[in-house]
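Here is the structure we will look at, set down as structure tokens.
Chains here go by letter, A, B, C and D, matching the order in which they are written, and residues are numbered from 1 within each.
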Amino acid sequence: MCGVFGIFDHPEAANLTYLGLHALQHRGQESAGVVSNDGGTLHGVRAMGHVRKIFTREVLAQLPGRIAIGHVRYTTAGGSLVKNVQPLSAQYRGRSIAVAHNGNLVDEDVLREELEAQGAIFATMSDTEVVLQLMARSGRAAVVDQLIDALGRIRGAYSLVFTTEDKLIAVRDPHGFRPLVLGRLRSESGAWVVASETCAFDLIEADFVRDVAPGEILVIDAAGPRSVMVPPAPRRFCVFEHVYFARPDSVLDGVSVYEARIAMGEQLASEHPADADMVVPVPDSGVVAAMGFARRSGIAFELGLIRNHYVGRTFIEPMDSIRHFGVRLKLNAVPKLLAGKRVVIVDDSIVRGTTARKIVRLVRNAGAREVHVRISSPPVDGPCHYGIDTPTRAELVASGQTVGAIAAAIEADSLGYLSPDGLRAAVRQTPGFSYCDACFTGEYPVQPTRPVGRRQLRLVEV
Amino acid sequence: MCGVFGIFDHPEAANLTYLGLHALQHRGQESAGVVSNDGGTLHGVRAMGHVRKIFTREVLAQLPGRIAIGHVRYTTAGGSLVKNVQPLSAQYRGRSIAVAHNGNLVDEDVLREELEAQGAIFATMSDTEVVLQLMARSGRAAVVDQLIDALGRIRGAYSLVFTTEDKLIAVRDPHGFRPLVLGRLRSESGAWVVASETCAFDLIEADFVRDVAPGEILVIDAAGPRSVMVPPAPRRFCVFEHVYFARPDSVLDGVSVYEARIAMGEQLASEHPADADMVVPVPDSGVVAAMGFARRSGIAFELGLIRNHYVGRTFIEPMDSIRHFGVRLKLNAVPKLLAGKRVVIVDDSIVRGTTARKIVRLVRNAGAREVHVRISSPPVDGPCHYGIDTPTRAELVASGQTVGAIAAAIEADSLGYLSPDGLRAAVRQTPGFSYCDACFTGEYPVQPTRPVGRRQLRLVEV
Amino acid sequence: MCGVFGIFDHPEAANLTYLGLHALQHRGQESAGVVSNDGGTLHGVRAMGHVRKIFTREVLAQLPGRIAIGHVRYTTAGGSLVKNVQPLSAQYRGRSIAVAHNGNLVDEDVLREELEAQGAIFATMSDTEVVLQLMARSGRAAVVDQLIDALGRIRGAYSLVFTTEDKLIAVRDPHGFRPLVLGRLRSESGAWVVASETCAFDLIEADFVRDVAPGEILVIDAAGPRSVMVPPAPRRFCVFEHVYFARPDSVLDGVSVYEARIAMGEQLASEHPADADMVVPVPDSGVVAAMGFARRSGIAFELGLIRNHYVGRTFIEPMDSIRHFGVRLKLNAVPKLLAGKRVVIVDDSIVRGTTARKIVRLVRNAGAREVHVRISSPPVDGPCHYGIDTPTRAELVASGQTVGAIAAAIEADSLGYLSPDGLRAAVRQTPGFSYCDACFTGEYPVQPTRPVGRRQLRLVEV
Amino acid sequence: MCGVFGIFDHPEAANLTYLGLHALQHRGQESAGVVSNDGGTLHGVRAMGHVRKIFTREVLAQLPGRIAIGHVRYTTAGGSLVKNVQPLSAQYRGRSIAVAHNGNLVDEDVLREELEAQGAIFATMSDTEVVLQLMARSGRAAVVDQLIDALGRIRGAYSLVFTTEDKLIAVRDPHGFRPLVLGRLRSESGAWVVASETCAFDLIEADFVRDVAPGEILVIDAAGPRSVMVPPAPRRFCVFEHVYFARPDSVLDGVSVYEARIAMGEQLASEHPADADMVVPVPDSGVVAAMGFARRSGIAFELGLIRNHYVGRTFIEPMDSIRHFGVRLKLNAVPKLLAGKRVVIVDDSIVRGTTARKIVRLVRNAGAREVHVRISSPPVDGPCHYGIDTPTRAELVASGQTVGAIAAAIEADSLGYLSPDGLRAAVRQTPGFSYCDACFTGEYPVQPTRPVGRRQLRLVEV
């Protein structure tokens, strides 16, 4: 999970990139980076932490230039951190280049071996570096030609934003797994912007122009934007962007995330009705779907779980003896509301099941008579090869279990998952535009050549 | 605005106080402090910032003892900070004592002059120190007697939690302006706890026992809790605790905050209906009232404004040129949802009117056809003398203006405030239990002897 | 051990105080504070750490006014820190006042009891607060009269700098235990300054005017400086200021610290000659005395021990297993120089003996054939009651031991201490100006009324 | 200017590397890094700042493995920092490798162009990466063979420490420009260590074994150390290591730095005697040479300038108006000592001349009658191509000026520089072992192919 941003030709390019990353912060909170391009010289800042902590006024003042790209990321390797805070920058054939990447290449291992056999050295463990190495080895002179050559070798999910020389380049893989949108500042500058989600445009007062098309190489320079298309492939936009990654105020590939989530909740209510007194979302992930569920079912929507806004992801219990307070630090049930009631809890997904069980207990301890859990997506029982960090199959509570067994595991009185077809309807799948749903159907649009293991890290950056 | 907490007789007193403050963080984010009592020796930590940043494992390890009190505060003096991060600790007549205070004394200036004339020196500009000075000057030996003497001299709003020697003492002023509740840990320790709100009990798995009564001095020591009552006064619980200070999962003086807010929204819909397509709350302050409004009116409830969770109070725009993005950094409108619609925006209050105007514009720019604003409390046009930091009358948009003029100022198509009687009904005012609503009625239950000015600071702590 | 500074009537009073504290940093590295006086309103900053870390440009900008005082301190209570970072500020009888204190009152416990019996509350465990309480209880109106009354009650060592209203006030106790000097800026401002040592004047380009006299109350306001004298007492300037507290570039009570240390080394060489190949100082404490020793003895002066400048007091070994490297982190011997040589190591004092033993071993391991230790002061075997934090008698290696036994304990081939008379000669004691040398003679000029124990802390600030 | 360290086969390899870097901190204070090797997986930490700030207990705990290398550096590009905090780590041909580099390659630009033409991408602007790229392109399988191939292509100054697979490899260029020494832990582990200077061995209780020879590739693995020699070249050890880079307690290529500095001072006194009352060193750089000067001249050695130990390199004057205090913040003259005296000031070098002029003024303002400056090295009037960051020729005060003109510029009564022959004698130059002294003789042992400009940065890391 990552977010990318780019801007072409604005005197405050780095500042607007900062704002864009700010709006994309939900796509990655572990690290962030900005590279500005000042007449071909690249100036970069990358650090662990939140956008607003890293990019102080002093730091931004050191990022000159009218072009900039940015990246937010959620690093996956637990504990120690792979050395790949992005954007990645490099120099080859006299050219300085930087790239921000959202997605995941399959066969990165195969390509890396091949490149290393040719004498390449890798400074990072990131698959993004493979793209740059392939470009550097292209026999052709123009950066766009080098990029076309490189894209001919890679497979998988990628939305890439480059800057080099006098250009901003945005690329989306032929399946269109990850979102990427083009916009333009409303101000007289008319600067072009690209971003992972439209919510970044709203913040900086840019108009949405269009989605970057799957397979498109969009080159923006002083002559304006122009496109090169690589050979097409079936559309496979990640359905989980709608389920939970994207912000509800974004519109992705023509579909409003908010509307999709309302529709998921409505569909869920039709598929798995419940005889209950109230519908309570798990905040904030389940709120919009819960509204849909309440509308369709006619059951009252109540905020029976209150989120503590002052707990970040990094909250560490200071003493072992109070660690068991667990989910309570983030959520509190409203006893007056729940006491004696039959409650439907709505959330977007269940991963390991431990949090779900804690929430069920929390609601029951607050006095609820019955607790019914409804999930606005199908059970996930396979890994994602396209950029989402999922636990191993063994850790997934849905893996190889019946819904009844899962309900028992999380101690719910009943449990219902949205069906795959229900989800497809909610996100308006059409014959011409289908989604990637490999993680619950097992139908992977792009297969890795070698079986995928947890990668063995050889270069670990603390 | 402050939050207080206290615990008696638990081996991890400071850790549980930390958790309690965590649950009360919404009552003050500027500073926090904990004082633990280890056999009469007081160990204190006070610092600027959020509870979870200040109280690391290492810091908590330095707070031994089975009794502890804590405090979160929102400091009022703009720019420089008065030296009164709490709890306040002191030594007098060989006794060490610490106190955490929520509220505001009237006549603090008069008492301070009197005490200074007697040779008292004040280490802080806090009115809390006046209480300790009065206790030190009591002729009596027992701390409870000293406290009774001191309370006989002070007027205003106060919920106080003390620790000294082997005791935890909780005090609430005779009018009961500010909340204070008593609970008991469910675990075998059965430790007694007091807190500003019941939500602190939920977090630490304590049962609510009862409200500390207005005028009650509750002393807890090895012999258990016992009470002394000072002469009674009319109940004057601050109605704005229900409107916006308290967390919706708290129950204060017998009234559920959540239910009160739903009722405010319902009442508001009855008083000021709107012909509209959707009800949209300002997150998070207007959410519960908006739900009530939607229910009573039958208009669809939609999350048309999305809050950016990664913006704290301390967000500083790094460049002047992007300062005008203002409220956009915190809120984004959902264009797909609002386009062409007639929208009711619900919030809890309007102070200066600048934020309200920005929100109206944001919604209108997202395509809304009409924007109707509904506020779940009456117009505030006077200052609070009882612990709330309100702007001066001149800064209050409602001061001396008609509702029509305010609507024009915030650029709304219509504007409706909940009536005083509507609010009273929502919070279930009865003849025997009326609320303090001085800030919109001008009926101040306790009048300061001298006209209140902005206090002149003589000791400023940076 | 502390350092104090004050300045009267300069537009950058806080900035110059910052510089003054910088020059006095050697007198205390644990905390620092500045209080500026802006027309009677006091603005204060106090924090743990070094002067240059605490007082950033932003912090200094919040300290307006033409008068300022400052303080650096080395806190004594191990582990947890008493809440008495200075300057101390307070309000009494409508007057704001702040004070910085270098020294130690005897009978602080007796006075505190008396004041508490009168209803005083103490916000700190600092003896400085006693002075303010006594001033507040004076029946007289003028602050100087209040001060005279207070000084009539206290005994011990004190160099105090106050600011209140439009005044800067400097006070030195009748014995003159601690240094205090008066100077004047060379610039056209001609602002008056007071400081613990003259080296602070050199930094800010002020001329030394004179020492503040023992028993003098020096009041500086718009009318210029004027003095009030309290009854005199025998001069008892702390001889250890010359041995190791003061900076060698300071001149205290007419005696150059540098010259005094040279003389100590010369005297030491006369009293305890050594048949050796080189004189090696322990850097930096023993350097000047070692130069004197080398001069008088004719033995070569060599820097056989090199100090690592990058180790601060706060150096913490990151792993237990490397803790034994101990003193090596601070000092390294020069093997090429020491191999096969007979070495005289010169230092200013020995406290517990553990560091001395490590240094002897370090030098011997570097190949020295003989290691003779010479100390430029007499053996310290008693506590200081006047402001120096000494270990308990039991921890002092010199307590109740013969010099031979100490030599054996530190593994030196020989050991010589400067005699009391030798030290007196070096610091030019005259019949009319004798020094306090209680810590090695046991003749305490001011005796505490009660036996002194380690104070029991009742208010501990973490 | 950098320092390198490596250790082979110790259970606390990273901890000892931390200590080694600590002892080498004087060779670079801007950044530091450690890479540990845990069975072929490399774990790295690199950061701006001092060793003891970066490597906390927590950080070191994340660096497992029995082999480790480390680096301290002083970055040269003013303001913004090139992205080359070391050690550099990379992966090529399935092998993870890390390297720490002290020195500077000539022709790095030529090699970089050649490598980029072959498709190499560079992640950094560091010449060290060129070495890795050359190794990766070697046709041979063994890392030592790859290294031999790479060294065949590079010229200039380099002391390199690598770790890969199960090996620690130390390399020194054929001229031996920069120091590199081999040692062995005294403890039973007998672990091998390499470092820039012997002072690192003293700290960790390792014995000096020998210098790594110019042109030596020293490979240490489970079979013990073995060496491969590349073709020899004339010895050209940097004479300025003895003048000021190295710590006086180090012994480099058989010469004691301390003894060399004493000899420089003695020689200087013979060449440029002064009729004066005292010899005063600029602390700490001029201390040892001043001792030599005093010995040879018979003039008294006095510490007339006192260094303020609490001013780091990062000291920033908080207010513009006090910036002119300049050098006073670091040094103070001792007025009592200097008044009326004829003073010889000894320092190791003069660069721009501005600091020297300030010191002369400081001493004169303290009352000195005459100020004679003596410098323990010849005038530097050319750049260094071998790893020292010198200002441009235009900034060097000695460039194209007579000594008389320099004396006038720094306002000294007289000025004397040590002659080139005098310096050679002091460092014991022999026909078989001559030093690099290009910066004052203009005789560069290795000439860059292209004229050297200030490199144009294309990738700037903030």
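In this text, a contact is a pair of C-beta atoms (placed from the backbone, for glycine too) under 8 Å apart; a residue touches a chain by one contact, two chains touch by 3 or more.
Nothing here was measured: the structure is a model prediction, and the numbers come from that model.
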Relative to subunit C, which chain's C-alpha centre is the most remote? A
In whole angstrom, what separates the CA-based centres of subunit B and subunit D? 60
Dist(centroid_CA(subunit A), centroid_CA(subunit B)) in Å evaluates to 37
Whole-Å gap separating subunit B and subunit C, where each centre is the average of the chain's CA atoms: 47
Where subunit B touches two or more other chains at once, by residue number: 59
Could you list each pair of chains that touch one another? A-B, A-D, B-C, C-D
Along subunit A, where are the residues that touch subunit D in the complex? 40-45, 59, 62-63, 80, 83, 88-94, 96, 113, 116-125, 129, 132-133, 136-137, 456-462
Where on subunit B does subunit A make contact in their complex? 12, 15-16, 18-19, 22-23, 25-26, 29, 50-52, 55-57, 59-60, 199, 202-205, 247-249, 251, 256, 258-259, 284, 287-288, 291, 295, 300-303, 306, 308-312, 315-316, 318-319, 321-322, 325, 328-329, 332-337, 366
